[in-house]
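Only one structure is covered here, and it is reproduced in the block below.
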Amino acid sequence: MIPIQTQLPTWAAVTPTLLLALTALVLFLVDSIDPDSTRPTALAGIAALGSVSALAVAGWFLLAGTGQTGSGGAIELYSGAIVVDGLSLFFTVIFASVAAMVSVASYDYLRDRTYQAEFYSLVMLAATGMSLMGSSGSLATVFVSLELTSLPSYALVAFLKKNRGSVEAGLKYFLVGAVSSAVFAFGISLIYAVTGSLLLSEVASAIGSAGDLVGVAGIGVVMIAGGFAFKTASVPFHFWAPEAYEGAPAPISAFLSSASKAAGFAVAFRVFAVAFPIDSVVSMGIDWPLLFAVLAVVTMTLGNFAAATQENVKRMLAYSSVGHAGYALIGLAALSSGGPNGSVMGASMAHLLVYGFMNTGAFLFVAMVEHWDVGRTFEDYNGLATQAPVACLAMTVFMFSLAGLPPFGGFLSKYALFYGAIQGGFWWLAAVGAINSALSLFYYSRVVKAMWIEDPSGTFDLGATPLGIYVAVLVAAVGTLVLLPAFGPVVETAQSAATALFA
Amino acid sequence: MIIEALIAVTFIAAMVVMLAPDEVAGRLAAVLSLLPVVGSLYMWSGFDATGNALMGGSVAFETKLSWLELGGYTLNWHVGVDGIALPLVVLTTLLSTLAIVSAWTPIDDRQSQFYGLMLFMEANLLGVFTALDFFVWFVFWEAVLLPMYFLIGVWGGPRRKYAAIKFFVYTNIASLAMFIGFIALVFGLGDSVSSLDMPAIAAALRAGELGSLYGIPAATLQSVAFIAMFLGFAVKVPIVPFHTWLPDAHVEAPSPVSVMLAGVLLKMGTYALLRFNFTMMPETATAFAVPIALIAVISVIYGAMLALAQQDLKRIVAYSSVSSMGYVILGLIAYTTYGVGGATFQMIAHGLISGLMFMAVGVIYNATHTRMVGDMSGMADRMPVTTGILIAGAFGYMGLPLMAGFAGEFFIFKGAFASTVTAGMPLYTAAAMFGIVIVAGYLLFAMQRTLFGAFRLETDYEVGPAALHETVPLAVLLVTIIVLGVAPDLFFGMIQDAVNPLLDFGGELS
Amino acid sequence: MNQWIAIGALGLVGVGIPIGMMVVSALLRPTITEQGKTVIYESGEVPTGTAHVQFNIQYYMVALLFVVFDVETVLIFPWTLIYRPALEGGATLAQVLVPMLVFIGVLAIALVWAWRNGAVEWVKSPRASRRKTERQS
Amino acid sequence: MVPVQWYLLLATAVFCIGLFGILTRQNALLFLMSVELMLNAANINLVAFSAYWGNVTGQTFSLFTMALAAAEVAVGIGIILVLYRNFNDVDVTLAKEMRW
Amino acid sequence: MGSVLLQSGTPTPTGTANASAANASAGGPVTTLPETISGALGLSGTLGDVVGGLIGAFLIANIMLGMTALAGPWAKRKITAAFTDRIAVNRVGPFGLLIIVADAVRLLSKELIVPDGVDRPAWDLAPIILPFSALLGFAVIPLGSGLQLADPETGIVFAFAAASIASLGLVMAGYASNNKYSLLGSLRSIAQNLAYEIPLVLTAASVILFAGTFRTSEIVAAQTETLVTIAGIAIPGWYAFVNPFAFVLFLAANMAEIGRNPFDIPEAPTEIVAGYQTEYSSVYFVLFYLGEFIHIFLGGALIAVLFLGGPAGPVLPGFVWMVIKMWAFFLFTQWCRSAVPRVRIDQLIEIGWKGMLVLSLANLVLTAVLVGVIA
């Protein structure tokens, strides 16, 4: 195919991001026309349309090879402050698809609530921030886009302002987020102190000559890693995740635990791969792959064990999402000088894409259950399949896929990830991951067991079918299934995009 | 493309049935499941493969497409059948249809889901027996577990949750062990393979390409991987001492599910053992001949002894399956044409016979609502046809000549006696033959107590003969068993053809 | 750097003069202790309750709005500074003007939204607020 | 000229004060102030090293930091307001409703 | 835009940090007052800077104090009296000028009543902050005739920043007083300051678009060019003439910023007693009063610098012109005090957010287009 930059001006490479931002603004304007009326269909439609079009454009770019090795490499805008390449487009696809699903699902969730337009536009703004995170080529852009993602998220988590759980979740999310962004900013300032630049490529070339400031650089790297740990809900900044995911409106939990986490990884991949090249940095004593390896092991183990002890499905999913952050961290941990870094990081990216579908679907199912006024614990789910077999089937798909059982996308992505780690010589990481995966089957299958096998403890009165959530859940389920046979192109794209980072 | 069509048709049938209303689901599933039966019979009639699929023989109905590339390894969509796989495919389709028909009576709740899952399982089983790429094979292998989990868990007996979880956990951990073992082997092969294609890996392994991995020497690696895979498959077979999930699962599962479980799912374990352990690493297998043979004999004797102590008819049949699978292992380790071929044949035979037994027990249970030996007697009075078939099946189990069971066991013993894998092989074989006596003992004992004598059963309704749709599957199975017993060469020829190449390896044995 | 020394000096003086006046006053003024005159002024009534009364939420709205807009002006200022030199240095009008127009456009949309949603409305009519609560319940 | 390392020390000190405040305060507003301190520590670094390296990147970025800090406060105050409405206090340790 | 901002190492028109260090030794484009003083004293280096700075600061502060003293007790009464056709202070001294001294002594020697329950440090600090903030703003104002304390690169921004510190004093006073009226008064004044700060600053930004600099001396210098010559009289390019729209906006916003009619909401005596200063007496009250008046003059000075050519003017020396302009603004505020009714608080807020902000944004964009077309 003809490379895109021969047909379009360079700035057009950020079209997906611009589309998301534009959608947010349009939503604001629509709300401004008549703030007092609720038009859920129009609002959800605009949001979904915007994210789908962003998805379409990003997908088209990705297929057309925009910014990828085949067509002249990454497209740099604003002197490299924004970079559009395979990685950023790949992650934009994740964000846009999650945003689309969440928008559609929110149609029912938000029925009869106020501030719907604000909800959708905040989601779109956060998605904009995420996609900008994916294409940040400078620590300044990283920080700005990180905040652009975080700030709407805080508000969204506390969206149910009369619900104490939601408010508490929002508060905790905000507090941890504010601290970690401060830590992150300080880390950036230290890196700037050492290198005199915020551009990732210039940082990379300057950090090797840090001289006696190597300690400062090391602290800076650790602090930046801390900022990412927050965004990806990894240990030690994971405290907020269970609370925030549990208290937030379920579509927002879905959005945060899938897209926001992926965004954290998007930017972490780029920053660490580009700005702190393993070859020069590790030899200085700043062994960040080791740091991430430790974080990965602790995160996945802690997340899985905590998830296993939960009684509340949403909270279990929250902890499991911490565990999955641990798996994805392998993409940063199993790196070494001269190792197959591109393939392990690409595998992690592919896992995040699959995760985007299965985890969003799982949380949206929880949203549907909340919509039905069924309780939140495992017991409350008992016998749900007798009432809603199709939805429960979808949930079963999500659960088994999250556990990494074969006929679903989650299996292949986990396999690729662990395989990549082994390839890089980090077989122990893969082993820990595999053991954790096996363990996770226990609590995932509890949901399945409750839905299908247990007898209902009471009678259900599910009421009308929430069409929006239904559609979104089914889309997610189909996505999870389709990603098994279609995993090939996905992982190949991801790995070539990741390899380009290390080139 | 017939294999893809077969699998796809079954999947689509599963979907259709899943969405169909409960009232028609059973009939619809039975009709739709005839399609794969026809397909598999067509494959049988058009079968033209020679040799073993993994050993460079020609493969029937083969398709090979590149699926995805992962870190230097290509994963292919590679399916095809040889003389070992085809009989199992036929067995699967046939038994599925019969099991579905036999489910019409006992399953009265959420029918469309039940039949949908049955068909879904059938599709995955077909995938397991036809896949020639490890990855594809593994996906299907694991995918079989999910419907089985639900089938036991939702429609099972009083302790169904326990049984379902136990089944699920046992088999999944086993799969993990097996998976790790196999992948370690593939890594150990290094650059000599560039895909997870089973023929390629088999060739490389047999050519001794295995290198060291992370400092583990090749020999150790091969042994460890062999053990890991053996354990993984042993759970599925099951072999003593990994058999404890089986009686629970069988007892709790509804009879049609038991039919599938005993008839086809157990064969996955032995099939995989044959395909992986015994085909790819014959040296290691023969090196471990003594423990394997020992385990086989123990399975035979111990399973039979346990069966002897049971009161539950289903439990009796379940434990006797453990015993029967012991014969298969014994045949496999013999490494002779008759041993391995007989083991393969015994898989088919046992699938049919145990299917028949479970089905017959299920029919009796549908009528009496009990399976306890002590609760009833003289069933022959009220259900003469069913009783007759059950007795015929029991004789088949005991290895009565002219029935499939006899052929299978006879081939195994013949092969095992002649085996030179280890010095004590005749001894082990003799010990295993002793198991037949026990089988005869417990089966006759149970039959005698339940079927004969004066009718006694405490019910508030009249127990009458079984319905036609319950009897027909039994009859079909019985006919098939007898046909195979009379003419084992319907399958045995192609089995032998596929088995022979793998006996030829570098060791001093032949 | 001497610029800032001078400014600092003015700061010192700016603090020093008030303090000096306070000192002078302290020397001059009488202090007569007397009950009652230290009571908080509340139109001659005895003060009731705490002085930290709840006030209109709109104060917060205005404050939040201010924070947002004021900070945007911080970002506008560097642009105003380079605008003319950049133009004279050969940049095209589109290069220097359009980004800021976009920026201000976003700002304007935010303002329109805040306006329409009553963030800058000091007093809301009871009817409007009733409509809002009806939607909420 | 003050040596640039001193600024580094100053920034670190300010950062640690902020961190201390976060760890010890229960009042949400004081918590916010502490966070602002930490962000400003970053700003000190950025501005100081902007002069040291002779480029304006750091200064410019500190403007962005300030803008984001302000936005963060705006959102934070909003959340603290609803916190107060729901819990009648701004004590962050009060919010323990979770696991309901 | 972004490329200019984020590109490292590219010199921008503000000059690099190194350039600013170079400027420091040179002392900027104009000779500032401390330099003149230290030069006269024969001092150099840091000592010269400190001594010159202190003396200059003291001088400037006292000029402001003197003007305030004149304006507060005397001029204000006179002007108000003139508007209402009365005779104001005329007994003490010539034109009653000595009332300044009398009032000073009277107010300073009044008893300081500390009400119950005030928050002591804040209550004491607030009266210091207010005059401090206003005085600090004068540090960068070119008063003409070399009377400019400092001329940093960020001059005009510094002036706005310094003037904004006053808000802090107001809120401290209101909060610490333990009085409902004080609290409400301070909140009202904050709300007002917030609402009008943005239009004020944005309008100033439109001037900077023309001038291309923050340095007050350069802004003033940029206005010396002749705009048009009408009948032989050269009209200087004061931004009030160049951009009258901005001038009117700035004037209005400035009135609100310093809290004068029609925007004297903070202390509206008929509504909330005296707002934030209700509980203050004696010297504390004087300091508030002082601070407010210096603020008025600072507002006048800002208008003069930004729109009226600063100290420029024919015949008379610069300093005189500057004082005339500042007093003109003072006169204007007092005129409004007598002539214009106060707006209601809700009207005030809505004028600020819906009127002024929109207009100032429009003004900024229009100015940018205008400048772009001209340049």
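Just so it is clear, A, B, C, D and E label the chains in written order, and each chain counts residues from 1 on its own.
Definition applied: contacts are C-beta pairs under 8 Å (C-beta built on N, C-alpha and C of every residue); 3 or more make two chains touch, one makes a residue touch a chain.
Remember, predicted model here, so these are calculated numbers, not experimental data.
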Chain whose averaged C-alpha position falls nearest the assembly-wide average: A
Interface with more contacting C-beta pairs, comparing C-E to A-C: C-E
Whole-Å gap between the CA centroids of subunit A and subunit B: 43
Rounded Å distance, subunit B centre to subunit C centre (Cα mean): 79
Gap in Å, rounded to a whole number, between the CA centres of subunit D and subunit B: 66
Euclidean distance of C-alpha centroids - subunit A vs subunit D, Å: 26
Set of subunit E residues in contact with two or more other chains: 2, 5-8, 12, 14, 21
Overlap residues in subunit A, where contacts from two or more other chains coincide: 140, 196-198
Touch list for subunit D against partner subunit C, complex: 60, 63-64, 66-67, 70-71, 73-74, 77-78, 81
Complex contact set, residues of subunit C against subunit A: 106, 109-110, 112-113, 115-118, 128, 131-132, 135-136
Touching residues (chain side subunit A, partner subunit C) in the complex: 25, 28-29, 31-33, 35-36, 38, 112-114
Subunit A residues within the subunit D interface of the complex: 139-140, 143-144, 147, 151, 154-155, 158, 161-162, 164-165, 167-172, 174-175, 178-179, 181-183, 185-186, 188-190, 192-193, 196-198, 216, 242-243, 246-247, 312, 315
Subunit C-facing residues of subunit E, complex: 1-2, 4-5, 12-14, 21, 24, 27-28, 32-35, 46, 49-50, 52-54, 56-58, 60-61, 65, 105, 108-117, 127-128, 131-133, 135-136, 138-140, 149-152, 157-158, 177-184, 187, 190-191, 194-195, 197-198, 201-202, 205-206, 208-214, 273, 278-279, 282-284, 286-287, 290, 345-346, 349-350, 353-354, 357-358, 361, 364-365, 368-369, 371-373, 375
